[in-house]
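These are the structures, in structure tokens.
After this come two complexes, each holding chain A, first together with chain B and then together with chain C.
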Partner chain A sequence: MSEFRAVVAHEILANRRSRAPQLLIGVFVGMVAVSAVIGWITTNTVSGVYDQIRANGLTSQPNPFTDVSVLYYARNTIIYVVLVGSLMAIALGVESALRDRKAATADLVLSRPVHPRVLLGGRVGGLATVLGLIVGSGTLVSWISLSLVQGASLSVPLTARLLAFGILTWAFLVGFAAAGVLSGLYLRRETTALLAPFVGWAILAFVLPQLGTALLNPVAQVPRTSGIFHILSYLTNPLSVTEQFKAVSSSLLEGPPGPSPFPAVALIVAFSAAMTIAMLATPLRRIRGGIDV
Partner chain B sequence: MSSGTIFARKELVDLRRDRVVLLLLGCLALAIIVSVTVASLDFRAQLADYHAYVQQLIESGSTVTPTVPRLFPLQLLRAGIEYLEIIGALFAIIIGYATIARERSRGTLELLMTREVGRFSFAGGKLMGIGAFWLIVVMGLSLVATATMAVVGTAHISPGDLVRVGIAGVFAWLYLMFWSGLALALTGWFKRPTTALIVALVLWLIFVLIVPQIGDTMDPDNQVPGGLFAALQIQKSDELAVLAHFARFDSLRNGLEVSSISKLYERITFAFLGIKDKYNQQSLAFVWADMYHYVIAVFAMTTAAMGLALASGNRRSILRKAS
Partner chain C sequence: MTEYAIRTEDLSRAYGAHFALSALTLDVPRGEIFGLLGHNGAGKTTTVGLLTTLLEPTAGSANVAGADIAGQAAAVRRAIGYLPENVQFYDDLTLRENLRFFGRLSGLRHPDSRIDEVLVLVDFEGHADERLGTFSKGMRQRVGIAQAILHRPQVLFLDEPTSGLDPEGVRHLREIIVRLNGEFGITVFMNTHLLSEVSRTCTSIGILRQGVLVHHDTLAKTLGTFPTEEALEDTYFRASATVRE
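Coming up: the complex of A and B.
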């Protein structure tokens, strides 16, 4: 157990010292911080647009934007988790694996009575802790921003929803970090190890849902009912972990009520578990040895 | 043969031999073919729905004749352009980065520089090689997309359509060269290739995804599925009259969007291909009048990226960094 703790502590220390992924962490936390402000400004303006439409006599329907929950302002955060958070988690995972391979420290550590599973488990434990700290900071920043926008502290039910979104985000990002470690362990060249999961992520996020840049809009698209889109979404949506994350998170942040969130949550947890198990099952010869730049 | 031309030829050979690059381009071509195919099949489904509706009207004795859905072939390219905008830029970064990183990892950089090489020959030659490579790729992708439109979409492609596809190809080339040039500049600049790659990816994230995303979500019309104004059945003239009251907000939103080369590329391409309804079936002169300032901006950004690549990829700089 002490070996496991030592690996976790080493992983946290190494991440604190590694500069390049910190750039991604900075972008992620920064975007989460401004997300509430962007959401607030936009919703206020749209509410004004709607009032103007009513004033011009173009509709008599009541303004749907006046009574939105304050969590509605944070809905852009969902997109930043999918776009920035997952790339940050991949970069952290790849760096973690490459760091040891380049310095050949795994060979040294494994010359001691340390089981490879303990080494890999400690690594993913360290990464999960780092991601927990990042997501925790992001959630705290969101809570403060939303409270400032609202002019009062968030209520307990709204705080609970924000926390649930944070936990889901953490589970989602751990899967991508484990995928990054896997890539760093299995691919021979440093560049390929970094790029392969990035390209995989791009396909998962953009090509699979057949949405193109529609991903960038947190507002749900009108469902396409014509044959080919219906069949494609039927086939690809259950596989698209990013789309499932978007759907559940929208419900959590008081978006439009959707179907039961449990299958989507199960898919996200299964994705993270599968990546972690695959990483833990890495053979010893893959953990040892250097790497080409 | 000048040293720059030799570097350009070597870069082309390296790219041709790189299986990862070929695999990535294969993925991109496949994504474009699938997107055009899906859009074509979607149009066929719309047409079938229309015929079924007309049949129902005839059987019910109605004399109403609904408008026939019309196929505008170039609109089938929409998703393909979006893939090029997002994934193409990512691949362009990979190619620009690999240009110097490859030489460094093989240790051939010092060897190359033992020859008499001009100050900017290395970076200039590499840029020429990448430029020729992207030219071939863009031509190939345009050909593949046009063939898919004609075969799967059973669309009639006019000479005018081909000219517009050619124009879109020119802007795709400039866009890809921007990202490759920027990645080359960063790789020349940073000591660790991985740091350069991560910085390039962060810039990609900001200018390809985050800035357009903020612009999109700030758009009042994007707040409701299907569009706010469409949902309320508001005419375009009334929409413009309402939005005139929010000119400052719209300027801020537009300013954000046009700071991203991806958004500029998208606007120009969507306009010339008629994907955006406002420009559909309009003359090239009409489109040019609206787009020329964006065109200038894209040219300026690409030139700046290439200038940076030349500056940071010169002999003294890369040898200093490699040592």
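Coming up: the complex of A and C.
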């Protein structure tokens, strides 16, 4: 257990010292910080336009933007997590795996009485802690921004929703970090090690959700309920962990209510668990292997 | 406690049809400084890889500090220190942070006081808070020795420890090795292709040729037969069957 803690502490320290992760973390937390303000400005602008339309007599419907929850302003964060957060997690994971391979310290580490699985587990544990700190900081920044926009502290139920979103984000990002470690352990070149999980992420984020829809369908405007496209969409859309994350997060941040969140949460947890288990199964020779720089 | 620090019997490592090490049978008594000589590719690093449990044997067995390398790998690792060839560390971390990590991995709960002792031993007082990225090759080798002896190992494995060092660095490292053996009774197993290293540091030698141990004796006996360093060199070249230009 002390070896596991040593690896976790080492991973945290290494991330604190390395410049690239610091830059990514700065960008991510910064984007989260301005997200609430952007959301508030956008909603106010749209609401103002709507009020103008009503005043001009173009509609008599009440303004739908006046009753939105303050959490609604933080909805941009979901996109930042999917687009920036997951890429940041991949980069942190790849960097972690390559640290020993590039510096040729793997033999030194493995000559100590530490089991390879404890070493890799500690590495993911360290990354999970780093991601926890990042997401925790982001959530705190979000809470402060939303409270400032609202002019009062967030209520307990809203704070709980924001916290739940933070935990979901953390679980989601740990999966991508583990995928990054996995790629860093198996691929011989640094650029390939970074690119491979990015391609995987792009498939999860963009291709799987679109299979079966008109976007990838050579015949335009085919209804999703027809034949093979319907089946494809039915099978692949739920597998897009990024789409499922967006759906559950949207519900948490008081967007339109969707279907039961449990299958989506289960998929996110299963994705993270599968990546971690695959990484822990890495054979010793792969951990020891060097890298073509 | 067994009489031998290292015992191997028909220890082999094959990669397909190629034997990197073939049926190595070797005894290294406790308290020795054993030098394993051989050309590049002779199987020296493979031997150390097997004895430090980084590689698994394809045949044969070995015992290090009383523990079997196949069945008791963790016990072997607790009992050994290892300095790889061209040792590298985490350059963004300080000397103390690097040593703390390796100390904790070796089971030391509070390694700081031991780190201070070891830094004195390798003449690094006052450098503990410097980042390793600024250290020269010779300094890194001494850091390598420091990390290898932090947990007071019984057996120390050194893979080409003086490779790439300037004469001053070589002399300094040699003094440290001899001191570790003399003052602390650590058995040293050293890979090298430098005959001068063996003749000045080791108490017994072995010569590997294409994965086969072709000579093994005490340095005293070897020098008794071949009393000069040139003669030792002849032994080496004859044993490794290499024509000297």
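Criterion: the second predicted complex is superposed on the first by the 271 of 293 C-alpha atoms of A that agree within 3 Å, B and C clash if a C-alpha of one lies under 4 Å from a C-alpha of the other, contacts with A are read in each partner's own complex, and residues count from 1 in each chain.
Convention: a residue touches a chain if its C-beta (ideal position, glycine included) is under 8 Å from a C-beta of that chain, and two chains touch if they have at least 3 such contacts.
Every value quoted in this text rests on a predicted model; they were computed, and no experiment measured them.
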In the overlay, answer first, second, both or neither for which of chain B and chain C A:I167 touches.
neither
Which partner chains sit in contact with A:T59 here, chain B, chain C, both or neither? Use first/second/both/neither.
first
Quick one: classify A:G48 as touching chain B (first), chain C (second), both or neither.
first
When both complexes are superposed, which of chain B and chain C contacts more residues belonging to chain A?
B
Once the structures are superposed on A, label A:A281 by its partner contacts, choosing first (chain B), second (chain C), both or neither.
neither
Have a look at where A:V199 lands relative to chain B and chain C in the superposition and call it first, second, both or neither.
first
Examine A:V27 and indicate which partner it touches, taking first as chain B and second as chain C; both and neither are also allowed.
first
Per the contact definition in the header, classify A:L13: touching chain B only (first), chain C only (second), both, or neither.
second
So in the superposed three-chain picture, is A:A266 touching just chain B, just chain C, both, or none of them (first/second/both/neither)?
neither
Both chain B and chain C contact which residues of chain A?
none
Which positions of chain C touch chain A when the two form their complex?
52-54, 74-75, 77-78, 80, 82, 84, 86-93, 97, 101-102, 104-107, 109, 147
Write out the stretch or stretches of chain A touching chain B in their complex.
19-21, 23-24, 27, 31, 38-39, 41-43, 45-46, 48-50, 52-53, 56, 58-59, 61, 65, 76, 79-80, 83-84, 87, 91, 95, 98, 189-192, 194-195, 198-199, 202-203, 206-207, 210, 212-213, 216-222, 224, 226-229, 232, 292-293
Okay, in this complex, where on chain A does chain C touch?
2-3, 5-7, 9-10, 13-14, 17-18, 99, 103-105, 107-115, 284, 288
For the complex, which residues does chain B have touching chain A?
20, 24, 27, 31, 34-35, 38, 41-42, 45-46, 49, 78-79, 82-83, 85-87, 90, 94, 97-98, 101, 104-105, 192-195, 197-199, 201-202, 205-206, 209-210, 212-214, 216-218, 220, 222-226, 228, 232, 234, 238, 241-243, 245-246, 249, 266
